[in-house]
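Structure incoming, see below.
As written, the chains take the letters A, B, C, D, E and F, and residue 1 is the first residue of each chain.
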Amino acid sequence: MEILGKVISTTGFANLTWGNVLMIVIGGIAIYVAIVKNYEPLLLLPIGFGVIVGNIPTIPGLPIGVYDSVANGFPQNSVFSLFYWGVTSGIFPPLIFLGIGALTDFSSLISNPKSLLLGAAAQVGIFITYIGALLLGFSGKEAASIGIIGGADGPTSIFLSSILAPHLLGPIAIAAYSYMALVPLIQPPIMKLMTTDAERRIRMKPPRKVSKTEKILFPIIVVIISSLIAPGSLSLVGMLMLGNLLKECGVTDRLAKTAGNALLDICTIILSFSVGASTQAIRFVNGANVGFLTSRSLGIFFLGFFSFAVATFGGVLFAKIMNLFLKEKINPLIGSAGVSAVPDSARVSQIVARQYDKDNYLLFHAMGPNVAGVIGSAIAAGVFLAIFR
Amino acid sequence: MEILGKVISTTGFANLTWGNVLMIVIGGIAIYVAIVKNYEPLLLLPIGFGVIVGNIPTIPGLPIGVYDSVANGFPQNSVFSLFYWGVTSGIFPPLIFLGIGALTDFSSLISNPKSLLLGAAAQVGIFITYIGALLLGFSGKEAASIGIIGGADGPTSIFLSSILAPHLLGPIAIAAYSYMALVPLIQPPIMKLMTTDAERRIRMKPPRKVSKTEKILFPIIVVIISSLIAPGSLSLVGMLMLGNLLKECGVTDRLAKTAGNALLDICTIILSFSVGASTQAIRFVNGANVGFLTSRSLGIFFLGFFSFAVATFGGVLFAKIMNLFLKEKINPLIGSAGVSAVPDSARVSQIVARQYDKDNYLLFHAMGPNVAGVIGSAIAAGVFLAIFR
Amino acid sequence: MEILGKVISTTGFANLTWGNVLMIVIGGIAIYVAIVKNYEPLLLLPIGFGVIVGNIPTIPGLPIGVYDSVANGFPQNSVFSLFYWGVTSGIFPPLIFLGIGALTDFSSLISNPKSLLLGAAAQVGIFITYIGALLLGFSGKEAASIGIIGGADGPTSIFLSSILAPHLLGPIAIAAYSYMALVPLIQPPIMKLMTTDAERRIRMKPPRKVSKTEKILFPIIVVIISSLIAPGSLSLVGMLMLGNLLKECGVTDRLAKTAGNALLDICTIILSFSVGASTQAIRFVNGANVGFLTSRSLGIFFLGFFSFAVATFGGVLFAKIMNLFLKEKINPLIGSAGVSAVPDSARVSQIVARQYDKDNYLLFHAMGPNVAGVIGSAIAAGVFLAIFR
Amino acid sequence: MNGNVIQNGAVIAFSGLLIVFTGLILIEIVLFVFNKLVGASAKRRALKDYFEKEADEIVPATPVADIPEDDLIAIATAIECYRKIHFDALQSEITFVHGGQHNVWKVGYKVGQRLSGLRK
Amino acid sequence: MNGNVIQNGAVIAFSGLLIVFTGLILIEIVLFVFNKLVGASAKRRALKDYFEKEADEIVPATPVADIPEDDLIAIATAIECYRKIHFDALQSEITFVHGGQHNVWKVGYKVGQRLSGLRK
Amino acid sequence: MNGNVIQNGAVIAFSGLLIVFTGLILIEIVLFVFNKLVGASAKRRALKDYFEKEADEIVPATPVADIPEDDLIAIATAIECYRKIHFDALQSEITFVHGGQHNVWKVGYKVGQRLSGLRK
């Protein structure tokens, strides 16, 4: 009878807490918005499923969850901890960037170099939020990881916080992807507040055609410059540009195809599932609760929102400042695309512009700052890495 | 001349034993049935090739085989030991389940929930064989790993025995896949023995159409319930259901496609090759021979057969018992499909039924218990994990 | 102000040496010839990009480069060092061979077994260069790794030198791929020097059709024989033949397809990038400079060229010797294809032959020694492994 | 001692089977609820559909048209050719008789470039 | 103490933003050079093209021909069928109504072989 | 000392080459046996085929029919369009002129949904 008792005690019902139930509901909501609202489904759906899986209470001593690694005194690494290792070791985000690079067309940026300034300006959200997080009492490493949410790049956020603040990885990743999904709701009010009606109607000249040679030289030049400026950005920018070179060079199509499909998908599934599964409601390390349901997570979500807002503000404001000096004015609505969140925030620029002039095509122009923002936040992550490691 | 002698002594001919030759022949037979009989070729062919490779005698001190890892005193992990690590760490079986989930349609089960009882009943083979293995003198962990052969699920068997009894992994995996391949020969006699002619002719109502919402909710509900009941099943059921959700949700097709193709194939090749390569004829660990050609392997093959037979028996019997209480009778021939061995045993139900009524289409109805059996044996594996870890 | 200084000191400009600049230029040249000359672009392009990335000076203490692993005292393995581990552990080359096997057709070899002698003869380049490297003062392990360049097989060279002489991996890999790319320039003069006009005009009988059974038995027999003769070749030959069996058996098409596409591409990208990134201009280990820009690299490039030349010479000469004994003469121009460099050197045989008789189709006949050379150099690598480990 | 092992084993087996049944029965219950809900909503929808049907009914299926068999053969042939040319490339082989090679792995775009001089 | 943390933080933030701007501005400068070069070469080419154009102008586009709509439907149908049969195989499902299964994972080539006896 | 190294090296080189030759010659022998067996069975089959041939000979090849060139162009165009639409999606790009984006990676099914209001 003792054994029967033991068997039954191994079921998870007894250990289920209200925190777990709440997290399972949150996971369900993530899946719901992924499917019904189509918000970043490739990431939010596996994250949501991971949140559910990560909040099933397991049996102490049985290695199952993402934290059940040999380092925790378990006799064997659990399968999920091996998946999660791909996140904490930092290996998945660069591989995902390799795939994204193999899918991204930088010609908008090449034909309109001014975009780069807008992409840089939007990174002000990262650094102001960093100061804000310090003010709220987060440590330097934590503040840097939280600030990078405003970079609006999932892999960059995960890469940086997995190295600097792995205990906050769950909330940071979920905040980043949530706000990226909510870009169409967050950005328009700020964009409208910051611009006059005349500015929103500015039309921009159609861009020139970019030659193959330029497209091939671009990734090589970007990797050299940005990694000389910020060596810490080499893992991310290096892989992004390798992927892009594979795509543009015209002689390695099969490699670009695999990088942008099979490899990207495999890394995406495992990364987003295990990031989700790392969000246990309550988890004690050295007596301190470092679980998801703490006031820190609330702080992270607040700061993340703040970061997105400041980044949008910064991008639009800088576009207006640039207009003071330019003969050919740019439409400041494309400034907000500098936060990255590719390609959603570029599409938001287009949508808002067309609310005022329905024949104004800004999408292509907005893609410039959009992809520049990816490079910009990768450089910002490199700076933080170099300072805090 | 000394060096020439040394060079020649490194060839494998000198060390080749009759045991190795016998194993190489067995590997060849596996390849033969895979190609000519088309029995589970995706698994038996690489396993057979692995058996051949694993029985080439290597040079002591040169890390080549699956057991030549740093942990065994070698100065470097061999390549094959790194492949094999993917098996013993338990990481490949859940990834294979992810892919299988992305290829499986559970609508038969959803439209006919009674199937789940048949899928549960067939697991009796696992537990009775477990007792049988104890009687034959196997330890608890070994007995559990042997019993799970009756679950008729390769990845589940490999997952459990890689954790509980890694020294028996080779014979257990090969027994499991061999009997799965032989399902069309093993099951029909038992099915006919257990049923009357009238029972075999029972026709079942065409199933209702299952909505997309149900298909999406199903994997989420299954993972919550089964992992609360048996947390040890989380790795397998979690991945199976994640794969299925990716397939059914309609917004992550590219992830489902990669999970069910590239990822599944890569894991299948490496897993089955290295399981095959782990079957060295004779292998001494701490002075005891734990190789393939021992009486233990004979016991495992015998118990594995017994397990399949009991599982078939259990499934059919339970269907007959259910019929005592049901108004709409079920055809007991679909009970045998509860052992899983997807989709072979479901097809066997169909084939046997049509021998008695050639217009009786049971395949769809048999798929219900068939996929239920996969969930059932994953839960059984979870129970064993929780007890014996 | 101190912090500002610290931040600026983290940029790479200060640490950039002329050696780095030179290496970056070399990387650019590799990319140029890959794109413009189409020389082995699938490998030279990622290698070239890797050379650029590997020569960006990073910050001491910040784990970024391929050598920044825990073993070097860094607190975390860098992402690139994890990539590079896939090379130094020897795991990528066999996986690449798996994919190549799944793309290779051995029927030319099967229908013309004499090809195997030519494939063996061309390996003389390996062993003579090995002696040459000893004469130049390289150690035994280094000399073996350098000699294998003459095998004209990238994965084999990388596999052997990653185990025997990892500090020379960069120059050896780049020499191997450079000369493989230059085969159309290196081989023709030697081939013409060694043959008479009449010999070059010899026509060969069209080959017989090879049955499916033979194609299936071939990989099994090759793996058994070659690994009994040279157990050290098991990792490479085993995977090459597994891939070929998956292709030829007709029942595992989906596995062959994934092995020859997604898996091959993923390994190719990561392997060639990280091999490139391992070529740092100057690198000190225990006070000695083991970087790329040393006289050793010059020696390796010289010996690699010598190895290719001797291999070509050996193949052609052996064909002429065989003709002394054969009734049906072979065209000695196919002897040079025995160096492997599949399929370039076979195509060179064809091109040279057609300069003298424009209706002479040698391509199919040259593929025999060509693929035999792959097996031959894998066996040679196995011999070196067995001797020097 | 051995008797004890077997007795324990029997208890484990029994409780294990119990847990398997419990788990699957719980899932079954949820699915039964599904079925009830679907049944109820189906009835409601059937009623609703009945009244809305007329408007839709006129929309005809795409007219499949009478395609002469010749044309169908032509189409199928063209598609088959197309597929051979465009989709089978990766599966192709490194060696074969007399040129015409498609291997993407090492050949890349070299074929046209290097052999072109000979082809003329 | 806290004030000091914030002050340091502000310096880090400022220098970080400075580095981001420096990096992107350097890239911008390179791209400006690109644009200048392209502009210059475009002018030269435009002139050159102007004189070479006539010879090329006569080459006509592939005549698209008038395809009757019926044929187009036929073609589209055939292709759709073809795709369904040949390309969707891997995506197919393990369970379905009444045979016709395409699942490649476990079925392999079994279907034809094992069921053929029953189909007759 | 150095002389000794070289002498050892020569022995290693010689035995290495010997092993390579031995291995490949053993494979060669097996392949020779193959060739003999195939030759023998080919003769037998040739005889057998000769007597069985007549029955099969009448089966005609699929009649390729005369497809007008117009139709072939139509078919090829349709297939090309089809391929562009259905198979190139994953290869597409994130940025381009004036809408029409197909990128599957981040766009998913959003395009239709979010932009639909604007398109009208």
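Rule of thumb we're sticking to: contacts are C-beta pairs under 8 Å (C-beta built on N, C-alpha and C of every residue); 3 or more make two chains touch, one makes a residue touch a chain.
On a predicted model such as this, the values are computed, not experimentally measured, just so you know.
With centres computed as the average of Cα coordinates, no chain lies farther from chain F than A.
Two copies of one chain, chain B and chain C, form a contact in which under half of the residue numbers belong to both partners.
Chain geometry summary: the mean Cα position of chain A and that of chain B are 39 Å apart. Centre to centre, using the average C-alpha position, chain D and chain E are separated by 22 Å. Of all residues in chain A, those touching 2 or more other chains are 3, 7, 11, 38, 41-42, 229-230, 251, 254, 257, 261-262, 383, 387, listed in ascending order.
Multi-chain contact residues of chain E, defined as those touching 2 or more other chains: 12, 14-16, 19, 71, 75, 79, 90, 105, 108-109. Residues 109-111, 113-114, 116-117, 119-120, 123-124, 126-128, 130-131, 134-135, 140, 143, 208, 211, 214, 217-218, 221-222, 225-226, 229-230, 372, 375-376, 379-380, 383-384, 387 of chain B touch chain D in their complex.
Chain C makes touch with chain A in their complex at residues 6-7, 10-13, 16, 24, 28, 31, 34-35, 38, 41-42, 45-46, 49, 52-53, 56-59, 61-64, 76-80, 82-83, 261-262, 265-266, 268-269, 273.
By the touch criterion stated above, chain B contacts chain A in their complex at residues 89-91, 94, 98, 163, 216, 220, 223-224, 227-232, 234-235, 238, 241-242, 245-246, 249-252, 254-255, 257-259, 261-263, 383, 385-387, 389. Every residue of chain E that touches chain A in the complex is listed here, in rising order: 5-6, 9-10, 12-17, 19-28, 30-32, 34-35, 38.
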